[in-house]
Amino acid sequence: MNSHLDLIEEARGLLPEGVFQYVATGAGVEETLESAPAAWRRYLLRPRLPRNVTTVDVTTSVLGTPVTSPVQIAPTGFQRIVHADGEVGTAKAAAEAGSLLVLSSRATSSLEEIQAVAGPWWLQAYVLRDRELTAEIVRRAAAAGARALVLTVDTPHVARKARSYEFDTAVGTPLIPELATRDDLGVWQAPDVTLADVHWLAELSAGVPVVVKGILRGDDARECVAAGASAVWVSNHGGRQLDGAIPSALALPEVVDAVGDTAEVYVDGGIRSGRDVVRALALGARAAFVGRPVVWALAVAGTDGVRELLDGFREDVEETMSLTGCTSVAEIGPDLVTLP
Amino acid sequence: MNSHLDLIEEARGLLPEGVFQYVATGAGVEETLESAPAAWRRYLLRPRLPRNVTTVDVTTSVLGTPVTSPVQIAPTGFQRIVHADGEVGTAKAAAEAGSLLVLSSRATSSLEEIQAVAGPWWLQAYVLRDRELTAEIVRRAAAAGARALVLTVDTPHVARKARSYEFDTAVGTPLIPELATRDDLGVWQAPDVTLADVHWLAELSAGVPVVVKGILRGDDARECVAAGASAVWVSNHGGRQLDGAIPSALALPEVVDAVGDTAEVYVDGGIRSGRDVVRALALGARAAFVGRPVVWALAVAGTDGVRELLDGFREDVEETMSLTGCTSVAEIGPDLVTLP
Amino acid sequence: MNSHLDLIEEARGLLPEGVFQYVATGAGVEETLESAPAAWRRYLLRPRLPRNVTTVDVTTSVLGTPVTSPVQIAPTGFQRIVHADGEVGTAKAAAEAGSLLVLSSRATSSLEEIQAVAGPWWLQAYVLRDRELTAEIVRRAAAAGARALVLTVDTPHVARKARSYEFDTAVGTPLIPELATRDDLGVWQAPDVTLADVHWLAELSAGVPVVVKGILRGDDARECVAAGASAVWVSNHGGRQLDGAIPSALALPEVVDAVGDTAEVYVDGGIRSGRDVVRALALGARAAFVGRPVVWALAVAGTDGVRELLDGFREDVEETMSLTGCTSVAEIGPDLVTLP
Amino acid sequence: MNSHLDLIEEARGLLPEGVFQYVATGAGVEETLESAPAAWRRYLLRPRLPRNVTTVDVTTSVLGTPVTSPVQIAPTGFQRIVHADGEVGTAKAAAEAGSLLVLSSRATSSLEEIQAVAGPWWLQAYVLRDRELTAEIVRRAAAAGARALVLTVDTPHVARKARSYEFDTAVGTPLIPELATRDDLGVWQAPDVTLADVHWLAELSAGVPVVVKGILRGDDARECVAAGASAVWVSNHGGRQLDGAIPSALALPEVVDAVGDTAEVYVDGGIRSGRDVVRALALGARAAFVGRPVVWALAVAGTDGVRELLDGFREDVEETMSLTGCTSVAEIGPDLVTLP
């Protein structure tokens, strides 16, 4: 897992500059991009010793779906620009590794391609200006087997990035054909998303639960759950939206505290090792999601790269649990970390 | 907005070394110059999500004057040494962009030139050793349309700077002809300014309100308001006067707390992005002022440069408000930031 | 003592790359490796002055064994890969300097070789999967004169390291012949060590006290003592096991507080000077152990190098005590340090 | 004053390497040497504005002796190794600038030479193993006009330094002939100095007050005053004795608090600007002393260099007082600084 920087360097060598910068950059002056990984490391680990860790069970579940580790795949768009395997490769790797896949609305593979290879998957969605199309997408995703909808609420518009980039978006097959020809995300995303939309989506999707992604405050989290969200996802969008936002590692405890047992809480943002995953779980997250590492791994070795990444994370979580005296994720409690 | 450093580098390439250093340098060993921008970034943003941000209104007012954004132009002297457009260009740009202009007493453009192009403007003034001349300048400014007087109180004398510089001050037309031939500011500025002068100025200027600039403490702020100030401006003079002074970002909450609703509070010092502006407003400032960025933009592209800078700031504030769920500046409250 | 970095550089020049990296590396991304020495320096010294320090007595005892200074030798494996003198050299040096030696289970010198030259020594041991072999090793060590058993509990398996290394382990004579042919520590170490094993070992070893090494929490420390441990050793295994673990300097006060007078507390991890030793004692440790410095000193100058290192540490402790007004280790109290 | 680093570089170019290192180095790994100046800067200045600062009176007194500024000369030995003017030059410069001179016991100029040019001066002294010689030196100093004795208590022996140096000590005339031929300070300094010696000295010196230098704790300060000290000098000996000691800037408030009005409190250690001096006075010090800056100035320009340094410090203090709204040193209170 300590080869994260190596992975980036390898990907940089393989990718066109514009593609590399698209993936790598953050918003503003990249304050949050930089502070997010560092924030996890501020939580010092307090191992419980000695413990019998002959068997360490790293499996868990997210909204009832069993997964082989607490590390799942966060949505990232346009995966075919980094590797021909694209989302199909990521889906295959997730299925093989036993992790949950969250598909981006801007995936460059069709639902049919994904369905053919995927294990359990969720769809990341925006509420669109066109609410009817939104509903249609939700119905389509539910019919195709999406086990949850991840509503990203931190992108009423797309933030300006720190570094410029350019790349050809006409790759693969768009997951959502209606959005294919509209190049600018800002065109179709609704800037007027409110709790009413959370409520509407939760009703609309019927049995398919709604996860609200992008929450960084306890009060917002509580309101989302009251509006029908089954889970809240603490995220700063990989440092790509609100620069200067509180790192998710620092926002997580407040959200967990506010939500209590009423919903699951997930987190992404700067998770770079199994230790970070254990820190997240100790702070109350049910699962941690990784975005850029998946893209770098896909860029470097396609399907195999992603599977190896997930396997590596799972082994790293297992090692950390073993070394902290935890034999199941349920045993990872708040006493395992301290913020001095 | 993340091109602030690029702007400086571009200006450095265009300006004579002495001029560049005059603008760039701070007092002492530049502790405050360095700590001021960094202090804003310590305040982490806590966005409210989801919110309907279809329309984000970044307009506000300062002492009753409507402005198109919370970003105004702080006074900086001798603008014609960096570009022939000088204060006239800055005034034009401010008018076009809809921001308030604060003219320096050491402007190198005449009142007539300014009046011809300016939108709303204030005059930054010192109390001079010659109180009668001070009164004359106040009367002249009021007659010319100044909407407020900004009394700078942190400069009983001019501090020694960290870096040496030399430049020709005989450029343009002095705003205040009586001061034109006196090269050293220390000659004419009064070192005996007290609250009595604030009171005197407030009486003298009649309908023209007085803003006291350079305040860094709650008790001083309260006393200035009691003496007749309509607003208090938290500032450390761009790090050019008292080196080691508390960064304005850290002093602002104390001042806001002390003043309450009795006066408006402004701030400058290290504001480098729309995020910093939102931070300032969250801490209770009514407006943020930018100094050096205006000078660099003027140096690089004259009037157009300043207008683009102001437009860029306004868009950046709008983006930050949108991403933090604020549709009007009134909604930017203290819960939007945290200082961990 | 300020030549610690010089010592590393000298060793680097003498050792094969693989050996150097084996000694130098830490686990994960080496967060703990880096934070451990820095954590000691955060404790500022508060000297008591003036005091009569004509004679400063740096001697103390560990579990009743008199030692000439509070600095003892932590267990490190495979010492013959860095110098032909190996553990025999280290043992000789410890005896000459009057420090306690803790032998690693993976020592590359036989018990007979060690006995021939050693002063007081302890054996660092793991509980093995083969409990009968564990018992046999304990009996053998007791018979050979080990004054205590140091049970390392932070290694249910061997953590992945940050840097790769390779070296020939077939050097010298294995301390424990039964383990010689098994290359991977993970093969024979038990992953199911619990407090019951501490209890079992304490009973088994009869008169030979058991020290539990690797503890970083007060609750664990208290439980180990309740299970029969005579001492608790605060350690993060030189940053080689759980990366991201709390630095031992920060964990020590909690452990001391929990254990009180019921057991001795030792510490290792980033101790680089006599000042660090005095800090450790001020925080309640009875002794400080050094690992890597001994290996570097051995690599550079064999037996003589280790003896000089220990002599240097002793003199440095004496100097620090003298300058802080302490004439005996008993006078080194908590008021001597502050963590601002 | 911001040319401190320039001054060092200039001195480095002029001095033999061994002499430069002797002056520049600190003890241990130079933790305290590095942290001392930085600690002052952590105190942020909170100026009082607006104030009438037409006249700013920087004069004060130390133990009743009027001085032209709060900046005095700390004792440093062997000044003739950096410049032929030596202590005579420093004494002349101090007299001309109106600052107090503290002569080192290891001065390389005779009492007669000093008397011929000096203004008010104190003698820094150690209690020697030979108490009778100590008494003789005290009597001699009193007879020669020393206005106080500064008893350094942080040097029961001389600490090992971080960098090696060598220089010829046979320069000039020893201030104390009896000590001239003994090269090692450790030979004649008493390691058994206690409060009883403070008491003894205070009695012995009769009308000449005793200042205890090297105190870093409130309890020690209170006891020294109780034993007869007229003043306490917070110091870490320029980072040359106990490395890792609390920076004097952080120890000062505790000492001031403990001593109250019963004695004067001075401070040295990392004072590099008039701002640092004002910080020291705000924290309760009556005067600040500078050591290395004097030596560097002497090395660069002899008597003139030191006078310019003192003049520069005085002007810098005056500027800082002016900019913080203080017209006399009595107005420099604790509200002028904050430690965030």
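Before moving on, here are some points about what is shown:
Each chain carries a letter (A, B, C and D) given by its place in the written order, and its residues are counted from 1.
The criterion applied here is as follows: contacts are C-beta pairs under 8 Å (C-beta built on N, C-alpha and C of every residue); 3 or more make two chains touch, one makes a residue touch a chain.
As the structure is a prediction and not an experimental result, all values here were calculated from the model.
Here the chain-to-chain distance from chain A to chain C, counted in touching steps, is 1. Rotation angle relating chain B to chain D: 90°, from a CA superposition, given to the nearest 5. Annotation: 42 Å between the Cα-based centres of chain A and chain B. Centre-to-centre, using mean CA coordinates, chain B is 60 Å away from chain C. Contact of a single residue of chain C with at least two other chains is seen at no position.
Taken pairwise by the contact criterion, the protein chains form one closed cycle in which every chain touches exactly two others.
Pairwise, the chains that touch each other are A-B, A-C, B-D, C-D. Listing the residues of chain A that touch chain C in their complex gives 1-2, 41, 43-54, 273, 275, 279, 316, 319-320, 322-324, 338, 340.
Contact residues on chain C toward chain A in their complex (touch as defined above): 28-31, 153-154, 156-157, 159-160, 162, 191-195, 197-198, 212, 214-217, 219-220, 241-247, 250-251.
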